Structure formats: structure tokens, C-alpha cells
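After this come two complexes, each holding chain A, first together with chain B and then together with chain C.
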Partner chain A sequence: MISLAGRDIMHSWGKFVFTGFGLGLLIGVTLIMAGVYRGMVDDAKVLLDNSSADLWVVQKNTLGPYAESSSIYDDEWRGIQSMPGVAQTANVTYLTMQVRHGDRDVRSMISGIAAGQPGLPGWPPYLIEGRQITRGHYEAVADQATGFKIGDSLQIRRNKYTVVGLTRRMVSSNGDPMVFIPLKDAQEAQFLKDNDAILEQRRRNQQSPEFSQPGNPGLLEALNRSQNNNPYVNSVLVQIKKGYSAKEVAKSIEKWKRLTVYTREDMEEILIGKLIATSSKQIGMFLVILAVVSAAIVAFIIYTLTLGKIREIAVLKLIGTRNRTIAGMILQQAIALGVIGFVVGKISATFGAPTFPKYVLLEPMDSVAGFFAVVIICVLSSVIAIRAALKVDPAEAVGG
Partner chain B sequence: MKQKLMKGLAINKLLDHKRTAALIAIMLPLALLFIYVVVRSGPLAPTLVTQIQVSKVSISPALFGIGTVEARYQYKVGPTIPGRVQTLKVDIGDQVTKGQLLGVMDSVDLEQRMEAQQSALMQAKAKLQEAQTRYQFSDEQFKRYQKLLESNSISEEQFLVKQQDYHIAEAGLAAARQELLRQEAEQKAMQAQQHNLDLISPIDGIVVKRNAEQGTTVVAGQSVIEIINPEDIWINVRFDQIHSTGLNPGLTALVNLRSKSKLDLSGKIYRVEPIADAVTEEFLAKVTIDELPQPLPSIGELAEVTIELDSLPSTTVIPNAALKRIDGELGVWKIIDGDIEYVPVSIGATDLDGLVEIKKGLSLGESVVLHSEKALTANSRIKVVESLVGKDK
Partner chain C sequence: MSGKGIRIEGLRKRYGTGDTAVDALKEVNMVVAPGEVVGLIGPSGSGKSTLLKCLGAVIEPSAGKMILGDETIYDEQWKVKDIRALRRDKIGFVFQAPYLIPFLDVTDNVALPPMLAGVANKQARSSALALLEALDVQHRAKAMPSQLSGGEQQRVAIARGLVNRPPVILADEPTAPLDSERALAVIKILNDMAKKFETAIIVVTHDEKIIPTFKRIYHIRDGVTYEEKGEGRPFDA
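Our next item is the complex of A and B:
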């Protein structure tokens, strides 16, 4: 049996294929938009995954360390370490800043990681090149997205750090690539003001009669010293022992240490529900609009394609073709168009995604859902075209 | 006519074939590309990893710390009583010798008091002379009356009066002598005080601080001039306690000053402080430099110190990038016939290049995952590649 739809496509295949390509690019953009949304959520999740923590201990009544600033004393971990159910603890600091390398600077999140062995909470869980930090100072592991290479020398505040390892997909919830440096350096970087500010501060202290007492010459020195150290970290990351529930351990730390503790679920709620809530909603809304517009355009394309063939359809009717056959032809064409569009869209989205500055996560289930959505939209929009085709007066074939 | 129609149909057919070919030419690559995309991305794609074989190498563990250049002894010279600085004869950077006068404190009224003391001394001397004269006269009187009494020319009472006079004059002389001694001692005390106003260098060294200028009033014990001995410069280094196994006095150290980062100075650990810093969780050690560079490093300059420990006999090692911690257990992903398995390991010494000694869990020649493009799980499919850098997906 001759496929009427196939014959028709073969008749004007160029037009058909190019329409499919155009449609495909539109679907590709929609898929990428979905990917951008998924990417944002994933950025928040990988931040939590990469810290390899079960609990986050932060300053009381804050949503730290990612969504709000939090600072706790850097010896607080000792008490937490001795709580029942706690397997490992590690101090951690986070600071988003511009990292200078040569002439350019890269926005990154500096994470200070506690000295110890690989596998401690806060350490990068995997590398793609190089090694983990071994020295207590002036070494860095950077994310690939920063563009740094092994052996590069970075400037963070006033110190130079040598890149010894590279990671991949270690980003902050904003998508800024992370740079890991030793905790003590990070504490300093977080606190250290520029030299001018330090001098100003010293001058102010010196001019204040309260601090610059002639009868007590050591006071000013002691004050300046005390203003120049930073015994704080942003959070203590905790891994719990097997067989303990995260909630129970969190509750006991909160109770006895008078700090706020978040579990993994709490943290996801904070990051996805609060931190990126508006921006992800924004992208989500845009995704919906794009999907509606795409659907409308698909409907128009199929409708106009059908209208373009109105004479031929009239001829078909004239020679007594059944309505079912005509409807089937239009439906098949619409679905074929949708399939070509989806294939082109998926390919273009997959190849286009890595070129985006922020992470675009193309979930396979999104693609499957997208495929069905495209097919359903095509079927629905062909209904309008079928209605138009069936209403055609066979006389038009000879009249026109 | 029929022939023409046949020809037309043939052309039509030929065209049809051409169209089909063109359509296939477009659709086939598209379909292949689509299949490639579906297989190579998403959950079906294998995780790219690099591998490394467990090798036997001799590693030399090393410690790394940072410190500041400090003077071993810092001599703070200042007055012992509150006062005003009158003159300062040296400035920062000046070489001074032991015993050199660095400056003088203002004496305020000391000179006047010394003049008064001088007068008091003279007065005491005069008083002594007076007492002596008085004593001599009463001595002679006493002796003469004694003879007169013997010849009964005077009454007993008259003699007793003279005798009393004599004893009084004797006591007066003793008092005047003591008074003179007292005044002399007073003068000496004042001279000592005057000497105390001089600021004297206790050592041969250089002046590093001048804390007060002429005319400044300083409290007792406040330092005015600070002197160090340039030969006694060392580095106060801080080592993180967690990375300080094997830190001992006598070990050779490589010192890298912040201002001369290309220059490695050799030195030695002189002392590991018995008291560690409990707050910063660091050990403190003093490192002396064998040959100090000229000009001398400034006090307070930052220095990086690397301590090379004795190298261990060759043992099984892996790079630290391969180490993971899963469920609280340190281990590595071992590659067995293209599949991975998590093997717990126990580790020993490490060095600064990232090599880790494996004590248990792995044997020589086994392959482990070194780098991976994402975190692995036991169900991950892997594909071993040479390098992961430059492969972006």
C-alpha cells in the first residue's frame, strides 16, 4: 500500500525537512531551558554532595553557611567530635570572591578545608587531574570551570597559591566554580583587609585616648594584635557513624552545644526552597512560556502546511478518498515533523549545552517527557488542520 | 505519445530515487547522531576515569610550615624610674657596642639636688671641723683641770663640769664624723641615680626600635631603645599538629623567605617548643639559618619552611587523589577487569608530592582509579582514558 503521507513528504521533502529543522531548534531551546532549570537545582545539590557531610553545624538561628552568613569558633569542632554518633568533623569556610590569575580574574567560591587526609568532609571527593592538597598553606585545588591549570599561581588576597589539582562540577549554589585552599589560609583570606585598611585601623586605635594610654604602653599593641586574628569558621561539617540517625545526632548537638544543625534534607530545603527559589521560579516560568510558544508555533506550522496543500486535498476528495485517509495523512505528517523536530532538538541541545556559561543539566526523563509532549502537541495541532482539510469543498480542485 | 509518457514516468521515477537518496543522506546521519547522543550522555554513558598502578617507591615524608623571622633575644633598654627622655644618641639601624651610651633621661631636679647635697657635704665637713676644735679645747681643759684637781687648786665640782664638757665634745665629734659619712653616702647615691639616667647598651648589636623621642615622658620599665644581635636571628615556625609526625630538633630545614622566593636557605630545627599552641592547633619550632643572607632579612618577614624527613625504605604507594572515604572508611576504587570495587586501605607516611604509603589493602601492580569525572559508586560503569582534562561534557 502506498503511504499517502510518505508520498506527500517525498513530494516536497526539502520544505518538510527544513521545517523540521527549524522546529527542532525551537525544541532544542526549550530543552536547554529545562536544562538550565535542572542545572540550577543540580548546582545546589552538588554543593551539598561535594561537601560529603551528613550534618552542617552553624551559628545559632542562622541559615548558614550557604544561604546566610554564619560564624562559629574554630575550636567548636572538638566538642562536637565527642558527641555520640559523630564519626568525623571538619571545619569549613566559604567565601565568594574574585580570584586573580595574571591579568584576568575569575569569580569563584573559596572553600577552606581542614588539614587532614583526603575524604574528610569538605575535601573535594574526586579529582580529574593532579593531587590533593598536602601542604598546610598556599596550595589550591581548583574547579576546571575556573580555567586554571596545574601549576598556575593564583592570587587570593595577598598570597599566591599554586594549583596542584583540578576538579569538575564543584560549584557553589550560584554556579561559581570552587577553589579549595587550606583552612588557615582561608580564615585569613576571609578576614584579612587590605593594607590600607589595616593601617587606618591602627591609626584610629592610636588616636583614641582610650587605647593609647601613656601609662599603659602595651595596651595599643595588644589591641592591634587582637583585631588581626580570626578564630572563626563558617560551619562544622559532620559525618555520622553507621547506625545513627542524622536527625537524632542533629538534635543532640543542637541541644547540648546550643548551635543550629541542619541535615541533608534541611539543607536542600534551604538551598532549593529559599536560596535559588526566585531565580529558579523565574527560569521555570520562562520555561512554561517557551513551551506554550513552541506548542503554538508547532500548531501554526502544521496548520499552514496543511493549508498549503488544500488544493491537493480537494483533488483527493474529488477522486473519492476517504476522510480517514486524509486525516491519517495529516496526522502522520504532523507526528513525523514532531519526531524530526525532537531528534534535531535533542541533538542541538546536547551539543549546545556545554557552551553555556552555567551548567545545563539535560535529564533523560526530561527528554522523554519532552518527546511525548511534542507528539501530543503535534497530534492536537493536527486536529485543527484536519478540521480545515475536511471542510474543503472538492469543487475547489477544479474551481480555484 | 505513449513513449513520451513512459519517458516522463521514468524521469519521475529517477527523480523519486534521487529524492529518497537525498532524504536518506540527511536522515541517516541525523538518526546516527541521535543514537550517539542518547548513548553517550545521560545514565547510559560510562564514567571516564584514569587509572594508576600501585607502585613501589621510596618516599621521603616532609613537613611544611610557615613562620616569621624573629630575633632570638630582643634587648629593650629603658629607664627604671619614670621620667622624660632628654637625648637619644642612636637611631634605628645603628651599630652599637656593649656599654655604649644610647641616650640620657632628663634628670629634672637631680642636678640641683646634687648641688644641695654638695653643700650639705661641705656643711658636714665644717661641722666636723667645729666638733674637732671643740673636742681639742675641752680635751685640753679637761687635762688641765685634772692636774689642778690633783693639786687641790679647784673644787671637785669644777672638775666634773670640765669632764662633762669633754665627754659632750667627744660625742659631738663622733656625731659629726657619722654625719659626714652619711652625707658622703647620700652623694654617692645621687651619683648612682644620675648614672641610672644613662641608657647603656647591654650588647654589641643593632638598634631596631626607637620607641620614644626626645621630650617624651616614659613610665618605669617602658622600652625606649630596642637592640638585637643580628647574628641571633631565627625563624619562629608553626606546623599544623596533624602534619607534624617526626618533628624533632636537629632536622635540616629549607627556608624560603617571602621576599626571596627563588632562594632556598638551608637551616636546622634548633628547638621544638615544649608548649604547643592549643588554640591554633599548631606546634611551634625555632629554625636557625646556617648562613644568613646579606642584607639581613627583616624581623617579621614571612618564611616558608620545609623539613625533609629521612626517606623511608621503598614501599607500596599510591597518589592521594585516589583515596576516597565512603561510609567513614578510607579506601580506593580497585579496577578488576574493567569493573570497580571499593577496597578499604590503611595508610602510612605521606609526602608533600601527594604520595601515600599503603600499609594494608592493596598489593603491588594492582590498578586503582586515580581521577574520575564524577563521584563513583559501586554500580558505575567506567571507561579508562589517558587524561580527563580537556574532555568536557
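Our next item is the complex of A and C:
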């Protein structure tokens, strides 16, 4: 038996290809949306991977340092370093801001890294060009997505930094590329006030009877000096020794230092389950809407094509064609439309993803799942057309 | 009657029930022998289409008897289980418009009924090509229906009606869209095919050009058939 669906498609291929192309663009958007979600999850994991930490020590009862603000003293690391099971510790600060580059801004996450050497938690684990930070001030390592080049000068707050190294796929959980600078500079950038604000603060301190005591002249000076320093960091990153359980070490730090400590699993839960939960719900909703729109388009097209063949279907029935042959013809056409759409969608998503402003991770298994989803949607969408075709009376082919 | 052909006895068809019931067919009696072409003529509303649908097993009659070849297909109820197979294997249809399947070429349009009956594609196409040759359209075997003239399309439609060698062919106004010359050519083809394949052909028509060619005519009026001897004029008249 010849394939009636195949012959019909070949006969009116233009209609199928153009419809499939339109459907394909919709499927392409759907695949990209799924890729955006995967990219967000990957960004979150990359952030954790690149920190080289096993534990994140943060302000008590906060979800810091990525999902909530966290502030702890920058000398806490000394006590943590001496605890059993701890191999290395390092202070770290994170600050998302617009970094000035010439006449444009680049949204970046500034990470302040403690003095030390590569391998220390928080340091970029590898470079693709240049060198790591070696000086205590005004050097930076930037992710290549920022657009900076070796030797470029970038401005953070009032200070200028020279880019000495470039790295790749170092991004925040929002996908913003990272810029690494020395910790002291980052602490200053995070809490630095402008000169007018400092003068205003000093004036207020001076006018306050609590601080401006005639019998204690050193108090005001000490207060002003303390307000010029920033003794806080957002988190202490901890690497644990081999053979120790991350959970046990975390419990020990929490108990003795009265801070909150997160393991890698806890951090993934916070980043994926909480930080991008709303975004993933939005994307999920978009995927549902796109699926419904795709189904409606396929259903409408197949139904219209079927209505255009009512007389032929009546003739086919009159000459003895089985209902299942006619239903099969419509079903195959719907699936063919879906396959054309999927191929166009996959190609457009593959070529479109790199130009998308957000990181899009197209997982092969998502494509496989997408393919089956498209086929199922097409099968379901053809039901209306099949019902219409099966209702056609063969008598319609006979005159009168 | 023995062998092929069709015999109708006391066929009735009633639409609806009670006060609103309409008797579309009141008393239909017909006999068409194998190789014979008869005309079925009647004014609008006389029951021609209803009779054609009953004969074509598209609708179920209300009463009567239909014998197709040696097989009683209806006797107060359907006597065959698979009506679809009955239409496919035992009844050929030729319509006013050819109604060829637009996405199949000429050969596959003709080969489709045997393919539906489970005949291998190659064999079905071979039968189709033989018929197309008999109807002198073999040179258009690979053409699509939209590339054919009206007369060629009608010949292909006749080939499709004949391809399963049915005992009876029902032709519904087959010459309506054609001019006199082509209309007579189609009737001649039907007569030739009827003789060649021993098929009984019933031609429903209003066409004054072809009515004189029938040797026997059934008139239908208010659901009742009356037999009349036709002129049986030659086809080139």
C-alpha cells in the first residue's frame, strides 16, 4: 500500500514546509527557553565549581553569600583555619556592579580574593591568557565575556585596575561575568563612601554628645578612624582535608564559631532551589504556553488541510478505504509537520543560542525529550482533524 | 439472472419516522444484465440519488431485496458483514466530476482500489496500466490529475471504477461536464467496458445527448421505477 500521507505531503510540500518552518521557529524558541534554564543551572554550578570551596561560612542565619547578603569579620578565617579537618580557608567578597570600561559599562560580579596563590579557594582555577594577580592592589583578572583584554584599564568605584589575566566561564549565578580583584580593594569598593558622605559622617559624630566628650578627646578620632575601615567579608571559603566529612566539619564550625556553614549540596539547593526558582517557574510557564500554542497551530493546520480534502476523503471512503487508513494518513501528516518543525527548530536553536544574551545550554537529552514532546503534541493535535475525517459520509461523493 | 449483474426487487427507502416520514423510494425494481448499460432518468426529487446511494451500499434501504451477481447483499437487512469491502470489491463508482485523488498520479489513482483490497502495489499498477491502455490514456499514466483534460480525467475515473472488476458500476451523471462529442465518447467507453468485463452499468443522467444511446431506460418518478425500451442509437450519431 502506498503512503497516502507521503504523497499528499510531496504534492503540497510548499504548504508543509512553510507551516513546518513557522512551527520550527516556535520549537526553536522553546528549545532555547529550555536551554536558558539549563544555562542558569549550569551557571550556578560553575560558580560553585570555580570557587574551589567545600564549605561556605557565612553570617549566622543567612543564605549568603550568593542568595542573601552576608557579612562576617575578616579575621574569622584564622579561627576556622585551626579547626580539625580544615585544609585551607580564604576570605571572599562578592559585589555585582557596572564596571566602567572606556565609554561603556559591563555588568560584572566583582570578587575580592585573598592574597595567596592559585589553588586557594576563591581564586580563578585557570586562565586562558595572562597571569594571576601578584600585586596587592589594582590588578584584575577578568572573564573573557566582559570584553576586556590584557592590559585594559577598568574602573571600579574611584580606582582603576589593569587587567593582567583572562579566564573563561567564570560567571555569577545570574550569568554575569566575574572580575577578580585583591580582597582589600574589593572590601574598599564594597563599603567605600564618597568624600562628601565621609565629611558629613564626621560632622555628625562631632556634634553627637555621646562621641564628642570633652573628657575623652581620643574617642571621636578612634570612631572616625574605625568608620574608614571595612573589616567585613561576605564569606569564608573552606577546603577540607581528605578523609573528613564536609558535614561534620561544617557542624563543628557552626558550633564553635556561631556562624552558618553550607556544604556544596546545601549551596546547590540554595542556588537552584531558591535563587533561580522563580526564573525556572517563569520559564516552565513559557514552555507550557509555547507547547499549547504549538499544539493549537498544528491542530489548526491539520484540521484546515483535512477540511480541504473532505471530498477526497468521501471518495476514499466510498471506494472502500478503511477508517484507520484515513486516520493514519492524517496522523502521519501531523507527525511529519512536527518532524519538519523540530528539525527547523533544532537548527535555529543551535545557531541562535550563541547570539542569545544569556548563556544557553542545549542538552542533547532535552532535544530528545523535545522531539518526543513535539510528536506527542502533533498526535494529540491531529485528533480533532481525525474526528472530522471519520465523520465524513461517503455519500458526500455521490451526487444529490 | 445468473452470473454477474444486479437485480433489485421491491426496494424501498423511508427517511424519518411518524408524521414527518418521507418515502424517497416506494417501489424500485431493476434488472441489469452483465455487459449491459442502462439509463436511469428522473426529475429532481424523484429519488435518483437515494436509489444510487442504496445501490452503492452507502445508505441502508428500508425494505426490498438486492442481488449482486449470485450474492444477495440485501434482503430486508444487509446480508454482508463488511459493507466497506462490498463497495470496494463489488461496486464501481463513476461520478459527475471525476473526483480523482489530487496527490496521486493517474496510475496510482486507478491502482488505489486494488491496493486497498490488499493487492501488491506492482500487480495493482500493472492492472491499472492495462485499463489505462484499454481506455487510451496510457500516455498520461504518470501525469497528475490537474494536468489532464476533462475527458481524460473522466476516462481515468472510469478506469478506477473498473479496476477491481466489479459486477456493477454506478455512474452518476458521468457526461454532465462534457460536450456532445466527449459525452458520446464516454458512453461508448462505458458500453465497450461493460461488454469487455461483463459489467452491469447503471448510468444516472439528465443528458439529452446520451439518452438516445441506451437500449433500456429506467424512469424513476416519486420513488417508483418504470422500465422503457430505449432507442439504442449508435454512439457516433
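One rule holds in what follows: the second predicted complex is superposed on the first by the 368 of 400 C-alpha atoms of A that agree within 3 Å, B and C clash if a C-alpha of one lies under 4 Å from a C-alpha of the other, contacts with A are read in each partner's own complex, and residues count from 1 in each chain.
Definition applied: a residue touches a chain if its C-beta (ideal position, glycine included) is under 8 Å from a C-beta of that chain, and two chains touch if they have at least 3 such contacts.
Keep in mind that this is a model prediction, so the values were computed, not measured.
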Which of chain B and chain C A:142 touches, first, second, both or neither: neither
First (chain B), second (chain C), both or neither touched by A:88: first
Which superposed partner A:319 touches (first chain B, second chain C, both, neither): second
First (chain B), second (chain C), both or neither touched by A:385: neither
Comparison of chain B and chain C by chain A residues contacted: B
Chain B versus chain C as contact partner of A:242, first or second or both or neither: first
Touched partner set for A:10, first chain B, second chain C, both or neither: both
Partner chain(s) touched by A:57 [first = chain B, second = chain C, both, neither]: neither
First (chain B), second (chain C), both or neither touched by A:395: second
Touched partner set for A:350, first chain B, second chain C, both or neither: first
Intersection of the chain A residues that touch chain B with those that touch chain C: 10
Contacting residues of chain C [partner chain A, same complex]: 48-50, 52-53, 56, 58-59, 84-85, 87-89, 93, 95-96, 99, 101-104, 108, 112-113, 115-117, 121, 144, 160, 172-173, 204
Partner chain A, residues of chain B touching it in the complex: 16, 19-20, 22-23, 26-27, 30-31, 33-34, 37-38, 41-43, 64-66, 211, 217-219, 222, 239-240, 242-243, 279-281, 304, 319-321, 323-325, 327-328, 330, 347, 350-354, 371-376, 387-389, 392-393
Sites on chain A touched by chain B in the complex: 10, 13, 17, 49, 52, 75, 87-88, 115-120, 125-132, 134-138, 144, 164-166, 168-169, 184, 214-215, 217, 231, 239, 241-242, 340, 343-344, 346-347, 350-351, 354, 362-364, 367
Chain A - residues contacting chain C, complex: 1-2, 4, 7-8, 10-12, 311-312, 315-322, 325, 393-395, 397-400
